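Some structures are shown below for you to check.
Two complexes, one shared chain (subunit A), two partners (subunit B, subunit C).
This part shows the complex of A and B:
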């Protein structure tokens, strides 16, 4: 069994070593001297951070609700209902769970096409237009809407990253005992206070893990961005599209150098997360 | 006076039908019964943590059957104490007052009073993970008493403690119940514990609660 693990580890290390050997410092230096690449690094960092924050904003309450809907106390409460109601409730819960996992299993291009089609509907077009007006009123006239603009990059990243963040937060809250929250309610706390004062502080490691996962997933996102935001240089180009564009134009050394920037950023974030969450255990909401 | 009238509860295939009993004000009531007979289910229903199918619960003449748990003024100490892992002991005890909007000075005064009565002064600055079983239960007791509840529900609070700690806490429970003048409903399997603490004893068996006489040597029916 361990042979397969060692083989996989060797494969990852061999790929990284091959990347590093293929390029050199002068390739990297010339890539970084290109203003368009510096813009794509900057846009990647900003868009990934915004997408990760938005993902957490959705994932924390959603993960908590999903975890508590499947908790023992909910099972006890359901025990007082009819068998038909219990079946309906559990069916609805599994259906919502499955819906939320769709962005994880869908091919990335399909996510991009679906977003593009969504913004061709009357509601989507209205939202596109209003977003352009909001940015114009804020003095960012260059951003004319969502589709093929920076908001499209963030929305494409968020659509996939949020699904991973929700799954992480649901697992985190499932590992946190809900009995203290029930006691808090008898002490006079509202359900929101029980969540924010009892459950949330216990979930901080899971929150860090969800943020990291969402950030790293956003950094590697390519398919939905390609379809929904395009690859306009100095406009919607992020690091993953820099790799693609360099490869398309036959600049393999440039593509590998851009890939190494992506790899370095991902490794730094993963190491930082490990360090932050070090010292926890699986019963304290640790997911990473 | 705590009055439970014709209470009916369902939990899957398990059912309690027409459970009725009364606890006089400031009494120390003991509820005993075989494992799995529904003692904890009944206690949690009184606290508002489980919905009931039928019947009434009255505390001091006020019906609280449909009142949310936060507004019932009932203190609850679960079997495992269920302390809040990220809060220091001081904040655990003050929690009920904090969410009810008590002022800082009121909270400080009450925490000091309870810490002194329950011998918690030395551990107010500690987190629950470092506390012993007895300390944990004393903190849970102080937390449940902090907002001066009308009824205190204790779910086998001494069952996981060793002999000496159990004896000390038994004495402390009796003392604190008298000093706080609070009505207590205490679940236990231990007849000796029930005889030492209780002023009124009930037994839950086959879905019915009946009053019994409890002595160190055992439990007898009143009829």
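This part shows the complex of A and C:
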């Protein structure tokens, strides 16, 4: 068992070493001197951060509700209801759970195609147009809508990252005893107060983990961005598409150098997360 | 003089637990009324049903027999949400298990109760001898101090009825008298208090003592 673990660890290290040995500082330097690559780095950092914030915004309440709907106290409360109601309730809960996991299991290209098709519907087109108008009114006339524009990059990243963030937040809240929240409601706190004063402070490590996971997932996102946002340089190019474009044009050294930037960012973020989430009940920095 | 309408009316209350298929009667035929500004103690041996009675009066445990009216409403004909809303505003509850939130400081623990400002929370903590510990966490206090925090939380939002389950269980004589004194003052200010206690000294502070084992009501004037 441990032999296979060691083998897998060796594989990861060997890949990273191979990447670093394949390229050199001058390759990296020439890549970084390219304004288009610098743009893609900035766009990656900004879009990933926005996508991660949006993911958290959705994941915290959704994860909380999902965790509490499946809690032991809810099961006890359901025990007083009819068998039919219990079946309906549990069926609806599993259905919602499954729907929220779909972006995790779908091939990334399918997510991109689905988004593209969605924005070809009348509602999608209307939203696309209105978004363009909003950006124009804000002085960003260059952003003409969602599809094949920067919002498409963020939406594509968010669509996948949010599913991972929800799963993380649900696991986090499931590990937090809901008794103090129920007592607080009994004593007069509103459900929002019980959530914000009691559950949320306990969940901060999970929130950091969910943010990091969403951010890292967004950074590595490629398929949906390729289909839904395109790979227009100085427009919708992010680091993952920089790797693809360099590879596509035969510049393997450039592709590897761009990959190393991605690898470095991912490692920095993972190390930071482990440092921040060390201690407490988080099993010493393990992302739940 | 007009009779004050009672705040809490307990009518022929009884409760039966099921233990391994065997019915266990905790108490039955329990009736009493609590008026505003009245301090009532429930006494009885361990296992006699004091906590069960208090939980029922707080709307947290539906009794097997009889009924409870609070502020004119039949508690258990209300929906669970309505009961929770009523309890949030009109009932302060001190659990025997205290139920303080370990990762909130004392002020925040007291502020869990409806609409309690930071100043009011700290005033109550000060009144109960914890004024210099408001930033502490429950884990840093003795059990007796934690009991006083739980009492502050039950009282701070000025509910019409305070229900206190063994509020002096782990307190020394001086602190027990401090707690009884606070509850007595609360009753004098117009709030009703229903308290379960083992302490015999409590009778000197209360208006009515209910012996749950014999269902005997003793009024202060009769003592």
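Quick notes on this one:
Criterion: the second predicted complex is superposed on the first by the 281 of 288 C-alpha atoms of A that agree within 3 Å, B and C clash if a C-alpha of one lies under 4 Å from a C-alpha of the other, contacts with A are read in each partner's own complex, and residues count from 1 in each chain.
We take it that contacts are C-beta pairs under 8 Å (C-beta built on N, C-alpha and C of every residue); 3 or more make two chains touch, one makes a residue touch a chain.
In this text the structure is predicted, and so the values were computed from the model without any measurement.
Aligning the two structures on subunit A places subunit B and subunit C in a clash. Looking at the shared chain after the overlay, A:274 reaches neither subunit B nor subunit C.
Look at A:36: by the touch rule set out above, it reaches neither subunit B nor subunit C. Ranking subunit B and subunit C by residues of subunit A touched puts B first.
In the superposition on chain A, A:193 contacts both subunit B and subunit C. In the superposed pair of complexes, A:184 makes contact with subunit B and with subunit C alike. By the touch criterion stated above, A:87 is placed in contact with neither subunit B nor subunit C. In the superposed model, A:130 makes contact with neither subunit B nor subunit C.
Taken together, the two complexes place residues 179-180, 183-189, 193, 197-198, 201-202 of subunit A in contact with subunit B and also with subunit C. Contacts from subunit A toward subunit B in the complex involve residues 73, 76-77, 79-80, 177, 179-180, 182-190, 193, 197-198, 201-202, 284.
Residues 179-180, 183-189, 193, 197-198, 201-202 of subunit A touch subunit C in their complex. Looking at the complex, you find that subunit B touches subunit A at residues 9-12, 14, 47-51, 53, 68-72, 74-76, 78, 80, 82-86, 95-96, 99-100, 143-144, 146-147.
On the side of subunit C, the complex with subunit A involves touching residues 60, 84, 87-89, 92-93, 95, 99, 101, 103-104, 108, 111-115, 153-154, 157.
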